[in-house]
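Structures for review follow.
Consider the two complexes below, in which subunit A is the common component and subunit B and subunit C are the respective partners.
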Partner chain A sequence: MGEIEWKVSPRLDSQKRLGKLINQHYNGARELEETRAQPVAWVSTMSPSEILWAMDFCVQYPEAYAATCGARHVAHAHCEITEMHGYERHLCTYCRNSLGSTLGVLEGQDIFEPLARPDFLLVTNNTCILITKWFEHLSYYWKIPMVSIDCPVLLSGVDEREIIDHVKDQCLDLIKLLEGFTGKKFDYDRFKEVAGNAKRSGDNYREMINTSKNVPVPATFFDIMGHNFPNLVLRHKPETAEHYELMNAELKQRIADRIVSMPDIKYRLYWDGIPYWVAIRELSEKLQSLGMCLVISSYFELFAFDRNDPFDPLEGVAANTALSYFSRSVDYKAKFTEQMFKDFKLDAGIFAYTIGCKSGSIGMHYISDYVNKKLGAPMTIIEGDLVDETFYNVERNNMKLQALAEMLEAKNK
Partner chain B sequence: MEKILDKFKEFCMQPYDRAVEWKDAEPNRKVIGCIPMYFPEEILHAAGVLPVTLYGSDEPITMGEHHLMNNACHQVRSTFDSLLKGKYDFLDGVAALHVCDQVRFFLEVWQLDHPFPFFHEMWRPYRLDNTNRPFLTSELKRLISHLESFTGTEITIEAIRNSIGIYNESRYMMRKLNDIRRERPGIISASDMVCTVTSSMLIPREEHNQLLRELLSRIDNVLTPEDQRFKMVIIGHLCDAPDEGLLNLIENEGLSLIDDDFITGGRYYAVDVNPDGDPIESFADYYMNMIPCTTYHYVDCWRGDSDKYSPYADYTIDMLKKGQAAGIVILRAMYCDPFDMEFVLLRERLKEENIPFLALFIEKGSGSMEAVRTRVQAFVETL
Partner chain C sequence: MRGDGMITAGIDVGSTTTKAVLLGKDGIYSYSVQATGIDIPEATEQVLGESLAQANLSFEDIAGIVSTGYGRISIPFSSQTITEITCNAAGVHHLFPNATLVVDIGGQDSKAIKMDKKGRVRQFAMNDKCAAGTGKFLEVAAQTLRVDVEELGKTSLESKNKITISNTCTVFAQSEIVSLIARKTEKEDIAAALHESIGSRIYGLINSVYPEPKAEIVLTGGVARNIAIVKLLERMTGRMVMVPENPQIVTALGAAILARKVN
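And then the complex of A and B:
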C-alpha cells in the first residue's frame, strides 16, 4: 500500500456523539430509579426488545453493562462476589458480573454505576442455554417476573419458517403477559413505529459494517466496536438511525480523504468471539506494533437486527430472534466466516477463546481449521476472558500474536 | 442375584461388545449411539434399531483435546475422545437431544469431523409450557420421518406402542428394585444399582428385561444384615455414569446410598411413557412431565410471585424424606453449567431445610480418591 499518501487520524468525530448517546441513556435510566416513571426491563441481547419499547419500557442490557465493567476493570470484583455465593469460576463472566453486581447492590456494597433496578426480565436462549439460568437467578434475587423465549437451534432439516412461527407464538404470550403486568393495552401502532426506527437503524448499522470492506479500512474494529451499542440499546429511537447516517458519512469522507486510523497496516485481520473488554488496550497496541489491523468480526452480526419490518413488526422481531447468528450451526458459521474473509479481504484470524463462554468457543477449532484449509489464511487461538482480567495472560497472548505475524511474513515472502 | 449383577457389571466394563455382537448376528442390523440425556430410545427401538447410550470412559483424554476446547465437561470431551479413538466405529448413527450448550456444539463438531450415515439432533424446549408443545411434537415427527428414510421402513403406531411397553416394563422393574433398596438398605450397592441401569442402555432391552425379571424374582430370598450406616440420597453427575470406585468408597465409609437421581438411575426410570393413545402426544407428555431437571426452565417459578425457586432441590428433598435419609451426597462434574448454576440454589434450599450435604467434584479417571475419602469421613463425623 502506498503509505505516504494516507493520513493517520485515530479519532472518529462520531465517538463524541456515541458518548453522548450512551450517557443520555444511562442518565435517563438512573433518573427512573427515583421517579419509576417507566418500568425498567433487563433483557438479553438477542431478545425482541421492540415489544418492550412499544410498551414504553426502559430496556437495559446486563451484557452491555458487563462489557463496560470489563473495560473499566471493575468486573473482577463483581465476579468475586459471586464466588462467595457459590458460583463456579468457569461460569460465564458476563453472567457472574451481572449476578455479582446485583448481589452487591442488594447487600449494600459499593458497586460500579449499577444498572437501574429492574421490574421485569426478558431472556432468549438463542445465544446460549446458560443465559436462561442466569436470568432465573436474577429473577430470584430481584423477586421479579421473567419471561424466557425458547429459541431452537437452526439445525439442518429444521424448517426456518416453523421456528419463526414458534418464536412468534411466544412473542404473543409475552405481549399478553405484559398487558397484564403494565395494565395497558399493547399499542400496535407504536410497535410499527418502533420497528420502523429499528429498521432504519439496522440498515445503517449494516452499512457501517460494510465500509470496513474498503482497503485500507477507514476505521478499525476497535474504533467501531463501541458503535454496536446504539443498534442494540437504542435502535427504537430515530436519533440512532441518524447517528449511523452521520457515522457512515464520516467513514466515507475518510475514505475520500484517504484517512486511516492506524499507521503502517500490513495485514487485515478477523476476530472471532466476543471482545476481551479487559484487554482492548493491550491487544490494540500489540497488533499495531505488528502492523496487524483488526478489521471485522462475526461478533458484529449479533447486533445487526436486519429483519425488522414496520409493516409486519411481529414477523420482524420473531425473525430477528429466531434466525440470529448465534442460533446457526457451526457449519453455517464456518462458511459464513470464509465468506467474510473473502468480502473483507482478510489475511489472518484471531480466535478469542473464553473459558466461560461455551457456546462461543467449543466450535472454534473447527471454524479456524476450516477457513485455514479453504483459504490458507493463518489462524491463532488466544485465551482470555471477556471481562475478568485474571484470566488474561498478556505475555502468552502476545507471543501467539507475534507468531501469527511471523507466519504472515513467511507466507508473503 | 450376584451372578446377574456380575453380568450387568460386565456389560458396563465392555460397554459395546454386546451391541457389536447383536449387529453382526444378522445383516442390515443398525446400532445408533445416543448422547445422554433423555433421547427417546423407544422410537429407535420401534424402527428396529438398537439404541446404545454413549458414556464417557475413564481413560485419559488424549485426542479429544485437539478438537474441542477444554471448557467442555468430561462426558463431552471423553465421548469425543472415544470417537476419535475409533471406539464408535461400529455405530451407524448418533442421536441426541440438546440438553445443554456443550452437547449442542460438541455434536455439531462431531458430525462435521466424523460424519455418520445417520445423525439426528433434536430440540427439546427448555421452557415447559403449552406454547412450546407443538414444536416438541413436530420435533418428534421429524425424528420419526428421518429414521424411516434411514431404515427404509415405516415406523407404525403399533411398533412404537410395543416399544413403549418394553421400555415401560424395564423402568417399572428398575423402580421396583430401587423401592426395595430404599426399604432394605444394603440389599444392592449403589454401584450395582448404577450398573443395572446403565447396562439396560447398552444391550437389547428385551434381554435386559429378562435378566431384571430373574433378579427381582430372587431378591426376596436374599438376606441382608441390618444396615448400621447413615442412609443417604445421592444426586448429580448429570450425564455421566458415576465412577464405581467412588460409590463404593462412599458406601464403605459409613453411608448407605438408598436413592439417587442419576441419569443412570432414578432420573432414567422415574417417568413412563403412556402406552395408549397417540404416541407422539405420549412422548410430548413424557417430556413435559419429566422429574425436575436443571436443564429445564419452569415458567411458573419465575413470575415473581412464587416461593419455589428450585424445583430440582424440592424434588431431591422429597426423595430424602421418602427414604428417611440423613442427608444428601452431591456429585458434581467439572464445567457442567446447568448443574453449577442450579447448585447455588440447591445449596440455599438445603440450608433452609437444615439438610446435611456433601458436595464432591469428581472426574472419571482423575483426582485423588484419598482426598475424597477424607472428605467423606469428615462428613460422616458431622452426622
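And then the complex of A and C:
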C-alpha cells in the first residue's frame, strides 16, 4: 500500500442491519408455522421468485439454509440423516443437508432452526443439473406440488431471445398454476411493484460489488459475502434497496476516510466457486497471514438480478432466469473471469473445487488455466466442501495457499 | 564458526520420512533420512544431528535453516518455513537447470510442478486426498502381495499377461489384489497392473499443469527409485524421465538452497 497511511477497521456498521434483516425474515417465516397466514414456497436460487412474492408467498431458500448450517457446523449431522436413509455420500452436500433436515423434521428429530414447512416448491435448473432431482425428493417427502423451470445451457451461438421466450412461457404457466393453487387472481400491479423494488435492490447490489474495484478494497470478500442474502431473499422489499444504499454510502466513506478491513495487503485475489462455509474462519485467517486479500468472486453473480424491469416485469424475471451466469458456457465464464481480473486489478486466483458440487467445479481447471495463460496470474485449486467438514483438509489447503503466496513473491522479484 | 557462514540446512518433514541436507558453497556436505514417526521434533533433531556428525560440523556452523513438508511448522529452530512445492522446484532447478517439469511421488502425496527456466513455480497440481497414486499405495500393495516394496517395480517388469486393477482406491485395491491372488493370478501381473494404475493417475496430474510439449520429466521422491514407474511414465507420456542420484532428498536440498536467500 506504499506510503499512504490506511486505518484498519474490520467491522462494517452495515453488519448489524444485515443481522436484523436476516432475523426478521426467518422469524417471520417461523410465525407462519402457526398462523399459516401466507403460503410458504421453497425455491432454488436463481428462480423467478418475483412471481411468488407478487402472489404473497413467503419464499425460503434451501441453499441459503444449507450455507447457514455449514457455517454453524451443523450440516454434517443433517447429511448423516440423509445417509442413514440410504442416500449416497457423494451427492451434493446442499442436497444432503436439505433432505436430512426435512427427514429429521418429519421424524420429529431436533433439527437446527429448520425452515418453515413448505406448501409449494419452485426449482430452476439454471445453476445446477442435479437440483431438479433434489427438489423432486423434497416434493415426495413433503407431499406438495413442485414446478420446474427449464433453462437450456447458453452455449455460444444460441439465440438468447429464444431462451428468454422459452422461460417466459414457463413463467406464464407458473402464474396460471399458482392462480389455481391459491384461488387468487394474479395481481400484475403488485408484480410491477415487486419488480421495481427488486430492480432498485439489484442495482444497488451491483454498485456494492463494484466498490471492490477500489485499491485497496474498503471491505473484503469475507465482509461482503453475507450481504448477498438480502438481494436473494428480500429484494422485493423496499428496505432491502435501502440497506444497500446505506452499505454503499458506508463503503464510499471508508474509501474517503482511508479505512480498510485487513492490514498489510500484499496481493488482491479472486475466488472461484461457492465459499467453503465450514472453513471461513480458517481461510480468512490463513489468507490474512499471507497478506492475501480476497477481493471478488464470480459467485456474487448468483445473487445479481440485474434485469428486473418494473415496466415489463415478466420480461425482466424471464431474462434474469434464462441468462444466469451459471447457465453460461465455460468459454464465456473464462472470458468473464479474465475481465474480472482486469477490472478488479487481481494478482492471483483461488479455485475452490467442491467435492459436493461437481457441476460447479467441472470448469475450474479450464478457467484457471485460461486466465493464467492470458494474464500470467498464478492460480491454485484447493479442495473441500461447502458444508461437509469431513471433506476439508486444513493443512493441505493451507500448504497450497502458502505455495500460491510464494509463487506471487517469486513472480514479483 | 566453520564453513564461512555459507552452510545452510534444509529439513523436509514428510508424512513417511524426514530428510535433512547440509549445503555448503561446494555443494551437499551431508544428508540424512529417517522415518518421521509420531515425534516430529525428535525426528528432525536426529536427521540434523546425523547430518552434522557426518560433516563434522556443529549446529552453530549453520547460517540458516529452512523447513518444509507437512511437519514444517513443528520445527522450532528453522529460520523460515517454505512449502515443499517451492523447495522441490528449487532443488530440481539446482540439479537440472533446464528442467521445467517435475513429478514428485512421496509417501502420501504426489505432485506435478511446472517451472520456468529460472526455477520459479508456474503451476502445480497434487493428487486428491486419496492415497492412490502415492508411495503408500505401493507399500500396501507390496505387503498384500508379500513382496518387498523395493522389489515391486522389478517384479512388475516380469509380467507376461496384462490385467487391470479396476479400483484406484488403496483400500479397495487391496481387496481386489486378494481376490486376484485367490484366482491364481501371477503376482508379476498384479504388480504390473498396480503400476499402471498409479501411472494413469500421475499422467493425469502431469497434464493438469499443461507442460511444454517437449519438456522432460524430473522424477523425485522415494518412488522415483522404482524403475517400473520410470519406464511406465516414459511410455505413457512419451517424455524422457530423469531421476536424480538421491531423489528422496531433492526437496530438502531445495530448502537448503532457499535458506541461503533467507540468510
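The working rule: the second predicted complex is superposed on the first by the 411 of 413 C-alpha atoms of A that agree within 3 Å, B and C clash if a C-alpha of one lies under 4 Å from a C-alpha of the other, contacts with A are read in each partner's own complex, and residues count from 1 in each chain.
We take it that a residue touches a chain if its C-beta (ideal position, glycine included) is under 8 Å from a C-beta of that chain, and two chains touch if they have at least 3 such contacts.
If you're wondering where the values come from, they're calculated on a predicted model, not measured in any experiment.
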Touched partner set for A:Ala410, first subunit B, second subunit C, both or neither: second
Tell me which partner A:Glu395 touches in the superposition: subunit B (first), subunit C (second), both or neither. second
Is it subunit B or subunit C that touches the larger share of residues in subunit A? B
Mind working out whether A:Met379 is in touch with subunit B, subunit C, both or neither, as first, second, both or neither? second
Touch test for A:Val330: subunit B only (first), subunit C only (second), both, or neither? first
Which partner does A:His365 contact after superposing on A: first (subunit B), second (subunit C), both, neither? both
Applying the document's definition of touch, where does A:Glu107 land relative to subunit B and subunit C: first, second, both, or neither? neither
On subunit A, the residue positions that both subunit B and subunit C contact, one per complex: 365
Subunit A-facing residues of subunit B, complex: 66-69, 71-72, 98, 100-102, 104-106, 108-109, 112-113, 121, 123, 125-127, 131-132, 134-135, 138-139, 142, 146, 294-295, 297, 299, 301-305, 309, 334-335, 337-338, 340-345, 347
Contacting residues of subunit A [partner subunit C, same complex]: 365, 369, 372, 378-381, 383, 393, 395-396, 399-400, 402-403, 406-407, 410-411
Subunit A-touching residues of subunit C, taken from the complex the two chains share: 70, 81-86, 120-126, 128-129, 208, 210
Residues of subunit A touching subunit B in the complex: 85-88, 90-92, 125, 128-130, 132-134, 136-137, 139-140, 143-146, 148-150, 152-153, 155, 157-158, 162-163, 166, 169-170, 173, 329-331, 334, 353, 355-356, 358-359, 361-366
